[in-house]
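Just passing along the structure, written as structure tokens.
Per-chain numbering from 1; labels A, B, C and D assigned in written order.
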Amino acid sequence: MLILMRVGATDEQVQNVCAVIRDHGHEPLVLPGQDRLAVGIPDALTPEERINLEMSIGSLEAVSKITHTSRPYKLASLEFHPERTVVEVKGVKIGGGNFVVMGGPCSVESLEQFQQSAEIVRASGAQILRGGAFKPRSSPYAFQGLAEEGLKIMKQVGDETGLVTISEVMSPDLVSLVAEYVDILQIGARSMQNFPLLIEAGKSGKPVFLKRGPSATIDEFLLAAEYVLSQGNPRVILCERGVTPLDRAYTRNTLDLAAVPVLKEHSHLPVIVDPSHGTGVARYVSAMSKAALVAGADGIMIEMHPNPKVALSDGAQALTPEQFTALMREINALAKFLALNVLG
Amino acid sequence: MLILMRVGATDEQVQNVCAVIRDHGHEPLVLPGQDRLAVGIPDALTPEERINLEMSIGSLEAVSKITHTSRPYKLASLEFHPERTVVEVKGVKIGGGNFVVMGGPCSVESLEQFQQSAEIVRASGAQILRGGAFKPRSSPYAFQGLAEEGLKIMKQVGDETGLVTISEVMSPDLVSLVAEYVDILQIGARSMQNFPLLIEAGKSGKPVFLKRGPSATIDEFLLAAEYVLSQGNPRVILCERGVTPLDRAYTRNTLDLAAVPVLKEHSHLPVIVDPSHGTGVARYVSAMSKAALVAGADGIMIEMHPNPKVALSDGAQALTPEQFTALMREINALAKFLALNVLG
Amino acid sequence: MLILMRVGATDEQVQNVCAVIRDHGHEPLVLPGQDRLAVGIPDALTPEERINLEMSIGSLEAVSKITHTSRPYKLASLEFHPERTVVEVKGVKIGGGNFVVMGGPCSVESLEQFQQSAEIVRASGAQILRGGAFKPRSSPYAFQGLAEEGLKIMKQVGDETGLVTISEVMSPDLVSLVAEYVDILQIGARSMQNFPLLIEAGKSGKPVFLKRGPSATIDEFLLAAEYVLSQGNPRVILCERGVTPLDRAYTRNTLDLAAVPVLKEHSHLPVIVDPSHGTGVARYVSAMSKAALVAGADGIMIEMHPNPKVALSDGAQALTPEQFTALMREINALAKFLALNVLG
Amino acid sequence: MLILMRVGATDEQVQNVCAVIRDHGHEPLVLPGQDRLAVGIPDALTPEERINLEMSIGSLEAVSKITHTSRPYKLASLEFHPERTVVEVKGVKIGGGNFVVMGGPCSVESLEQFQQSAEIVRASGAQILRGGAFKPRSSPYAFQGLAEEGLKIMKQVGDETGLVTISEVMSPDLVSLVAEYVDILQIGARSMQNFPLLIEAGKSGKPVFLKRGPSATIDEFLLAAEYVLSQGNPRVILCERGVTPLDRAYTRNTLDLAAVPVLKEHSHLPVIVDPSHGTGVARYVSAMSKAALVAGADGIMIEMHPNPKVALSDGAQALTPEQFTALMREINALAKFLALNVLG
């Protein structure tokens, strides 16, 4: 940590900063300069120490700026955990060089609709079946999902097909219910900083699929993962799903694909891309899916509906079965090529 | 609603759109043009009808764009509810020409610290006492609040001083607990789209103070209010607290002060501004507080700590007691001037 | 165009809107609804008519909102110009199924440095050589480029190697000078709405490489292209180079890769991606380059320096010769695979 | 400057960084820590040195992050120039405790329209007359201004009324022409990083009114001012006019009003607010104007048209003469109150 003093800070003000640092058990290092001073703390700080020091020093007089020399996350960090995490669920490995596809409708609408969806997913070679039972909707007037009835359908269809299932949980008191029926708990983008939910999902011991919030920085995203990890649950999967768009006229979000190599550089956790929400437009999903694969993602999550025209939610971004199957063919061919050619 | 067809759309594709509209019980109106057609729906639509139609039409062939001719919220809308809402709590009126000040520390840290805070708030003439018992923190390593112990302190100090109290609730299963101890339930910015929480807060019947999410549009903000209102709870207070910043180097958020006249034009609900989170810097709070008053807000929420240097959270943005008292003097003088001069 | 009236608009106010529309030579269509009216204009409007009508109607009483049923650009639009543009320069085709690579240093620093760069570019199979002679720099204290001396070096090296050359022009009065020395005129992101420059570049008849501004919407970007096209110069190449970042801590910009399929859907102009500026970090350039290829871009622009450690500008985002050559090998293999497998 | 090394950096890599620092004539200071090292440079650096060092070090091996302990601008900085700048033009003082109002139409449309505008401006007590002769327009099909004819009208009306005049210049080759006719040169938001234009405006010696770009950070804004100042022209006026909006549905930009106290804290230059572009909606201009005054701005720039309904540009955001006159009355009363009450 480095504390920059204002130009013209008095000796007393500098000594004041040093005293606070010593009170916290660290030795300050005064760095003189031509027109102003800085005070450094050479010790490595735990996140707790860093936060406490920042609060103590932040409001002292003549302090201009505090800069950090380390990232605020530890458990999610590749530097402190150099082995990459592979999350294994019912034999499916997420991370570690595989490329998994999670496909299925936005919402579970009926047993028939979900069985049809699962059949298409399985036939295409994808391994994970998605579906929403509790739906977060911007408007209270929109379809809110089938709730527990939807979870039961997911469980039945998961058992029938052998596919791994994933569904969103929106509230800490529902974690145990959702965990009973599905294999992976999804934390949605709007819930990324729902800390009670993160803690409960962490305690459940289930794999947690964590979507990045629409205005979350990389640090905030990895700190959200840290909440789950700090409960002793190492099975966290990160998902980039688009950030607040500059221009809402053509896409629903701005897919931040460079977050894939950024996250891979700084964290050991697997990274999935969701081009369906990332663009909001079915026509752009194929291009962004292949781009995610080539950019180094560990998989994609794709919305597909047996009949998007009658979908009860997000029809505009869902692929048809034909489009989904065609995409899977392309993805498989491309993945094979990349494996043979050891690209990036 | 207006559906713009692509250039070169066939008659059949246009008839297809018309048929879907008729299936929903509305009469389409074909609007011919030089190089392309549009299909209009003259009927006013309820939000449910609008959402359902949008989903049905969105994935039809040759549909280029759907535009709306109405806002998606109804209960929060000034057009449909032309009388402005005044939320009255223990004799304090929020809205209706008053300017209320909510002051107090970020976190309740101890009985003594909170009693000191309350004393300063009361002496300055402010009417509402804020304090956090359950704290949403980006990092799991930061101070998380005193939980129920903090609520008990709030209740005791509220009773002792007669001040109205407000505190954040982060989880639907805690709504009844928090509602037992404090007068106003706060929904934080990170929880603005925590729909189960909004519904539970709506059901509680308590006044709900709803903060705008950092990347929430005005429509999303008012739809979040709509969730609370649609539970039959009319006592909703809106709060602008800054949006995702363009530049994190100087302020923590970008305070969107023009949201005050925008919200006042489109909604009947009272609007409060939080310049403490809106800037994140104590030095800028006074300027933005006075600006909020002049811009037409119904009040401000201000972080103040008896001793910001030892605050357990957000010390950098908290005013000292002296700064808070000086601000209240300025606010009172300015409010008096405005009342006499009938500005804006 | 559709004009939505406020709830409670009077007959007179509606007739007022209709009268203005008739004054402009169009026939209004009143669309009644349950709680409010809209007025439509079925005629297709030229961009001029649209702008003029919007201005006339925008300030009339009881007008709530104006929505458009068409895009504001024409010459850049694929709908009105369904044949895709291929820009051919000295035998190199940009667009039309090729994937071109533009490589070279941020700045031309010396004849030797630029000759070395050109040699690496040519040996790797790339066809276009980039280099800055006039450099736009945020700080007046940063290296500003060699100016005409740099252009002369570019001309000489272009002639020696047969490579197509591209360099930025920052000012309308320098268009003819830069056009004399290089093959393609680059308009930088900060100049995207420098309209006098766009007009001058349009008049030059030279191919124009137009970078998207950091906060430009797709419409603003295509309207900037429209400025060049409307001068009778059809040779415009679009370049996505990243938009204002949500998070400056890890990347310099947010590369909006979905802009590639969006631009391809709405415009006939070729689209290049610049992952060097799009990320600002050399380590992420390879992943984003391959992603651009797979997402359907017509090429990439890459910063490469014979020795990034001594680069006078943008060293942190420049590839080394070895990295550039490795990337070209990967790109070539991937392009070959895509051509054979007819992906997306 | 502080260079943070990666965890596990070797001695050789650290020595490499130190050697580069010594090559630049500075003494490095190695700051050991628990799990990683940092290297500090205690010397104060000039902006040139800082940029050069950053480039040399940025691409060295095992360098994780470079943080700065000082701001990149000098001439614009209050720390290095503690006396606040007052720009005086024809007896009107901008800065130094005055609150100036710049009013007038978006575009000069005719002598009559501009004379009418000037009369309203003068009668209301405002001192500065704005008008556009060269108009930057997103679309090539929109009205582009009267060019030199407009400037002549401005000169004539300025002479007739004694009002100070201000108009935009878009291109370096037009600086001398515009400077001949008007008193203050305006650099528009889209031109904030048009460096040749900034340099030419600096050389002209005329007062320069510099608008913040829609996605410009505070540092980028002050560095743009630095370009003008570094030409020996101290008469720079800053203007906040709104940044890229989160939500384009209700306002055209997001007015970043907190930029006023931020700029006042870090720079000695006067700061004007433009609520007309900052919101894009005439109805919100009054609230934001008064907020700007209270927040500490040195003035406002307001679009007013004798008849907004027939304005050739930006009619939706222009005040009518009545609205403008009413606003001036409110502003004057408020300014008087503030002067008497010595608010913030």
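Observations on the structure shown:
Assume a residue touches a chain if its C-beta (ideal position, glycine included) is under 8 Å from a C-beta of that chain, and two chains touch if they have at least 3 such contacts.
Treat the numbers as computed from the prediction; the structure is a model and nothing was measured.
More contacting C-beta pairs link the chains of C-D than the other of the two pairs C-D and B-C. Chain centres here are Cα averages; for subunit B and subunit C they lie 38 Å apart.
Centres computed as Cα averages put subunit A at a distance of 31 Å from subunit C. Subunit C and subunit D, compared by their mean Cα positions, are separated by 26 Å.
With touch defined as above, residues shared between interfaces to two or more other chains in subunit C number as follows: 215, 219, 244, 246.
A complete topology is adopted by the chain contact network, contact being made between every pair of chains. Within the complex formed with subunit D, the residues of subunit B that make contact are 215, 217-219, 243-244, 246-247, 249-251, 254-258, 260-262, 265-266, 278-279, 283-284, 286-288, 290-296, 330, 333-334, 337, 341, 343-344.
The residues of subunit C lying in touch with subunit B in their complex are 2, 4, 6-8, 29, 31-36, 38, 40, 42-44, 65, 67-70, 79-80, 244, 246, 248.
By the touch rule above, subunit A contacts subunit B in their complex via residues 46-48, 51, 55-56, 58-60, 72-73, 136-143, 170-174, 190-191, 193-197, 213-215, 219-220, 223-224, 226-227, 230, 244, 282, 308-316, 318.
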